[in-house]
């Protein structure tokens, strides 16, 4: 028998109106014997209708979703809505407060922690609650990612290849509705522990994104997130109005195999020789890595592993063994 | 009587040819009783002629100068040169290795540590050596900065308003030769401890820059640095060839007063509402800061303090009390 | 099949006389490849008779029990005793040495780690040993708690509502024998992982306490602990003599529901407006929390959630989201 | 020539009305290249009249002054005042935010940092600003201390024996006006670096206090601070009304020599055998220290070094070599 | 069904020639969202024949094996070999880079982590890969240990008493072939989680060693490792040539019981009174521990628990409760 | 005017008998508002006669002197002595307790902190006290060093070439009296801040040593220290008896120039190819450094810079840029 979650919401999840509160997770520790992690949540409901679950901060340093959903929670009104919007802008809240990918409490990577455990770590308890208490309420789930402090992406929404083609079609339709500059069909090679997987296994319409990175955001990228969130809610029948497409339309991309990824086998100072969105041919020089111990030694050159578009790149000025240096996607 | 520096170079500074080595700074510590900080340096000399001192890594997380100068040290040859080029790509070397603005050894901000001390901290010892042993050798000094992990800049070269107008004219000419997309005349309000100040006081032609930021760099920004370094060396008569201007020319900017700076008086999640290079009018909304403790509270709005161009902005997704939120420069 | 514990006592547990030694827990780590955690234990035995197990330091920063039991181990003699007293003054010994609630080795909260595991973390190994090797030896178990660094309590002994009413009556009798200024009947809402629970499930007579807090103790509170320990041993028939009641008698308290707890939903500077032991009416102002970023903003007021006595309060000068601000008990 | 302070107030210090703002101290560091420390300040002025400077948080973990002054800044109005009140509730603001005695930035103990330096550490810059820009504005200065996390005091106001007897009389009068339960005449043996000293050297009427400790506060102790602040402002002619004495009057104390202090020469678990406010005779047992490595070794006893009242005691449950164990004051 | 390992080798394990590469273990973390741990591996193969698996760095601060195997990987050629040599010089690679016994990522002691888990910690993932993918390939396994930073050993190779006497004889023969100055027959009392155990359970010929310690190595001890590795490969039929015995032959040792171990029950400054390799009689003084708090207190003396040779000793100058002080082996 | 030291001894320095106590250094800090550093000291006096000052723990991880002097303080009696012995076994006491070369409080390297400051850091305050209050009392000063955790030495006593040849002769005589296996004449190139220098400038007979290293000690090396201390006290006329020479006599060494030092210009895994005490010829291979990132790259070879004896070597298994790899002394 599965245990009940120790998490309790401080607001009703099913009542009309707008409710700002917390998921309260009791957490006894050295600096608070009877303390709690208080995870902000907003529920906006107006009568019968579909439910959308909007999540950001699955990784705590991915800011497009965090900004867009904190903003939405403060600006959307019940009058705008048919049905219900559940906004969880900072799913891994301890990571968000720490400006880090993973939780400073337990080093938990939220997107490797599903389905979670009610008696596990703090990260696992949050995952368990979201999966068992919030996801079942939802008709559509939008989880907004970016690259975080160590990666940067061209902005895209994404759907997965799924065994249930009807569900896949629903997801693809929602991804297209999002209206990002790029849309990506993803075949996850290792989907264990991901939020995506458990939501899709629950049969939900699911959209994810990569909208930027570097542990920062820009006005331009926030606008993409804002538009995408609104479009998804319109697509779901929760907001009224017309879908607003990306100004220059959406390019379709594909990551067909492992050779999309270029990884570093060196430690050093990173010189990018191409930028995000550049088109490359197999064999093009894409980066150099310099010895940081001394001058005068030749850098190590890295070349494109295939033709395509630079859709992701290493962000920090220094690079380590095994770091993802770039992802080259196929343009459809 | 001033003490001799404890730093010694492992290569000759005045001999023809190319020499890669170190400034060796003895540093006794817990993990090395008789250890040293080894700061990479390259000297390229070909007969009589002017000397340029090229420095990067004054702050350890500003990558355009670091990449461009490590690259130059490995590609420039004595045959290319008339006179001498001294390349110190990572002036605050411990900070560079730590990917941080300041030194992890002594928290030293190199650009607040001049003129340094031969018996001071590690950072002060480096400053003292550079000022007393390298700067006097130079006819022209180029120090390449960027915004580091917490700021981002539009790319510009800069010169200061100086009491000696002949010297100022030399500096401005070198700044223009650099050929960045923007050029900035700066009136430093607090120049105490800066490398700029001591070099200018020594009567040298001096150029500084801000070329990017965020603790990262891009192919585009490295190209600006590479071109600028080469242009300055041509301008100094050390390299042959023609100056290569910025593709779209150089816009002249000015930071006339304190009202260029917009500072945060809030802690929270940072939403930029304009981007680098955007033109704003006084009173325009430029950013919002959201409460990170809870949803549903109105954000704090920040407005442009004057007309101008967004030439610098806060980079991380979270912002603190007193952080520089944006700099609005006047376009001349 | 359950594994044997890796822990071994360095003294006999069942021999007459007084024996001071250790529970030795092998612990291989960076600073000692073949090291051990050595947990002090004293066993005092004099012929046949009942066995009392006295434990302190279940949380490492709760000092009444620690002081009283270290003192007892050095002053009690076999001649005083009929039967056996097992004294484990610092159950979570690594936490005690670190002056923290939880273990610095594994962040283990001992009172959420039962029943433990013989091949788990250090904290789990201790729990497993205590439960499988010491508790079965005992007729009565006294576990002395206080509030630790982050909470402060009025001094009380406590018993739980149990399904077995005969056992409950034994526990209540022992609680009353302890003779604290207050006695509390507790209905634990979440008893998972607690020492209390496993000891009660083993059918033992069990008394727990909260005697103070703040990471300190006073002569007055140590005296309450000393008297209580002696009374419990007399009550158990191990020491001779008369029970010594609290000078002003014992007041009976009850924590009938969740509304006893007042939790903080703010971060800031904490002003208590009532003190421990004060009687309050529902709606009384009990605390204010001030913004620490700036002066001039109104504090957030907290009010009593019910009538009763302030039996527990937040201790540190700063308070965080979710911290327990106060507990208001019902006076019977 | 002394340098100007880099600190600038964001509010006018000399204009009628109430002004909440900051002392802004530019502070460039790894996590904010162009950042600042923002120290809250409130100025309340109503026409001509005397100026009082009220300071708290000289040490960051002493809460009576912090709470009382944050509260006062939000409740006092210009209409209440004749002249001016300058409230600096958290003088060592970085220490206050860190809940520590000293600054986490530079380990600066503010009360050992006077007169400060305009180009020194952050702590020294604050000291320099307060001394050169705020103290000269004041007729009377009240600096509210407590024991912090490691000491606890009976509540007293204090004045120093001064060479200028007229000034001493002014200070003693203000100390008595404060109306604490105890008043202490102090002969500081080592006054180097203290705020007290530089303010007194500037000829000001100065009152200091010790009102509690342990890194916490209580409603009772905050009430003593509130009453004392109000009394001092009445005494200075800034507030109208009658002085409110301590309910049981004020006992006069003296610390005549080094033998008031009892220091630990052991490491271990601390058992206080007397409490704050207890009267002791020379030779009385006042504390025991237990070996934390093992049970069964006799504790080390500590005895009163003189007759008097326990006016200060060690707070944490563990004690170290050299820690102040108790202060025994002479009751006059 | 057991999951596949997430680890993949970047080189073929079964192709002729010499291949230097990595075991690539994907590891998502704050400083690299899509990063990896890259564990160096070398495979040298020349046609059919036996396979030897040579491992070092099971603990990251044991240098004889690390040096000898990094050296071998760079000097052995396919022409030298009949069959195959798999060299994994730094099995717990994160620990090796951290110069520590256990992994800085997860505190994993590799030699307590077998059989590992494909979805466990980084240390468990490595253990799982080695056991399921490398060990089955091997006919003989040599794992080279030393004492690390906290212990020092006389140099010996070792074999275990095994239930399968034919296997035990194979292991003893290989141990003798190694040719260390000492050879030890070990009866492991607690073999849970050890690499030794799982390899022996897989029926392999297995040799382990202790060759030195102190977190250092010497030319003399590296020579013992080099000779031993070569001898084992000759013994296995992979290298040609004659076995080279230890210059003074090999002394046979035994650790017959728990009384071989002398453990510290004190904290303090450690004075060894005998050295490694010294012969002692039961009762001989072997060490003293001094109080570090003060001079003038008598040290605590430690005596030999049995006759024998000092085969292991505590290394650091300070010693803690429970540390292994010495091991006294029986000379056969 | 120089300030008085804040340090006070808890024992008399000039009274007959044996006195164990502390140098008490007041030290206010976060974990003890009114705390102190308590530095153990022993003074043994018996009537008129010379005074010897014996110091260890100048660096906190050099154990021969620490062990020998803690032992001496507990075993020497007034009856043994003519005159006075002042024993300061752990001069940089905070470093000793931290098992580190430098102080964990202020990173102070005691042997670079002389002459110290009475109002400086903790390390500077100790230096100031020793120089101004203890050294003037002494006729002879013996300061016992070893290599600490990062270096290892052959055991030698040393004297410096001094301008005053009479003083030099006294020092050399005392060095020879010490009776170490080696004796070294040292010409310090940079003697700024050293204890040696200030003691010699005070005209005292001074002996220093290097007796071992690696952060450990052995029975053999402690015996050298014990014998040397006793010999120096006999030589000084404080103890009676005959000098005991080293069993194999003392070899005289010299470090004639900078070419004695071999420093690392690589980072990696360190293989010593010769050991302490080995004789080498210029050009001999003495060490190799291996790349720790990958197998299969050739190591970097280091060769002897001159003929001589390996008198010092790098100790840890890993080596860094600039570390002292070896010292080759000239055998006279």
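So that you can tell them apart, the chains are marked A, B, C, D, E and F in the order they are listed, and the count of residues begins at 1 in each.
The working rule: contacts are C-beta pairs under 8 Å (C-beta built on N, C-alpha and C of every residue); 3 or more make two chains touch, one makes a residue touch a chain.
Predicted model, so just to flag it, every value in this text is computed and none were measured.
Undergrad: Shared touching chains for chain A and chain E?
TA: Chains that touch both chain A and chain E, as defined above, are C, F.
Undergrad: Going by the touch criterion stated earlier, list every chain that contacts chain E and also contacts chain F.
TA: Per touch definition, common to chain E and chain F: A, D.
Undergrad: Where chain A and chain C touch, do the two copies share over half of their residue numbers, giving same, or under half, giving different?
TA: Counting which numbers both chains contribute, under half are shared, so the two copies meet through different residues.
Undergrad: Overlay chain B and chain E by their C-alpha atoms and let me know the rotation angle in degrees, rounded to the nearest 5.
TA: About 180 degrees, rounded to the nearest 5.
Undergrad: Please identify which chain has its centre, taken as the mean of its CA atoms, farthest from the centre of chain B.
TA: C
Undergrad: When the centre of a chain is set as the mean of its C-alpha atoms, what distance in Å lies between chain B and chain F?
TA: Each chain reduced to its C-alpha mean, chain B and chain F end up 44 Å apart.
Undergrad: Which integer distance in Å separates the CA centroid of chain A from that of chain F?
TA: Chain A and chain F have C-alpha centres separated by 58 Å.
Undergrad: Calculate how many whole Å lie between the centre of chain A and the centre of chain B, each centre taken as the average of the chain's C-alpha atoms.
TA: 35
Undergrad: What positions in chain D touch 2 or more of the other chains?
TA: Within chain D, the residues that touch at least two other chains are 22, 38, 61, 265, 293-294, 321.
Undergrad: Edges wherever two chains touch, nodes for the chains themselves; is that graph a line, a ring, a star, complete, or other here?
TA: Per interface graph, the chains form some other shape.
Undergrad: Which of the chains are touching one another, listed as pairs?
TA: A-B, A-C, A-E, A-F, B-C, B-D, B-F, C-D, C-E, D-E, D-F, E-F
Undergrad: In the complex formed with chain E, which residues of chain D make contact?
TA: Within the complex, chain D touches chain E at residues 265-267, 293-294, 321.
Undergrad: Which of the residues in chain A come into contact with chain C in the complex?
TA: 6, 22, 24, 26-38, 119
Undergrad: Looking at the complex, which residues from chain F come into contact with chain E?
TA: 18, 20, 22, 38, 40-42, 61, 63, 66-67, 70-71, 73-74, 87, 89-90, 96-97, 99, 152, 214-220, 222, 269-275, 278, 288, 290, 292-299, 315-318
Undergrad: Name, in rising order, each residue of chain A that touches chain E in their complex.
TA: 59, 61, 100-102, 107, 109, 112, 147-151, 190, 192, 261, 263, 265, 316, 320-324
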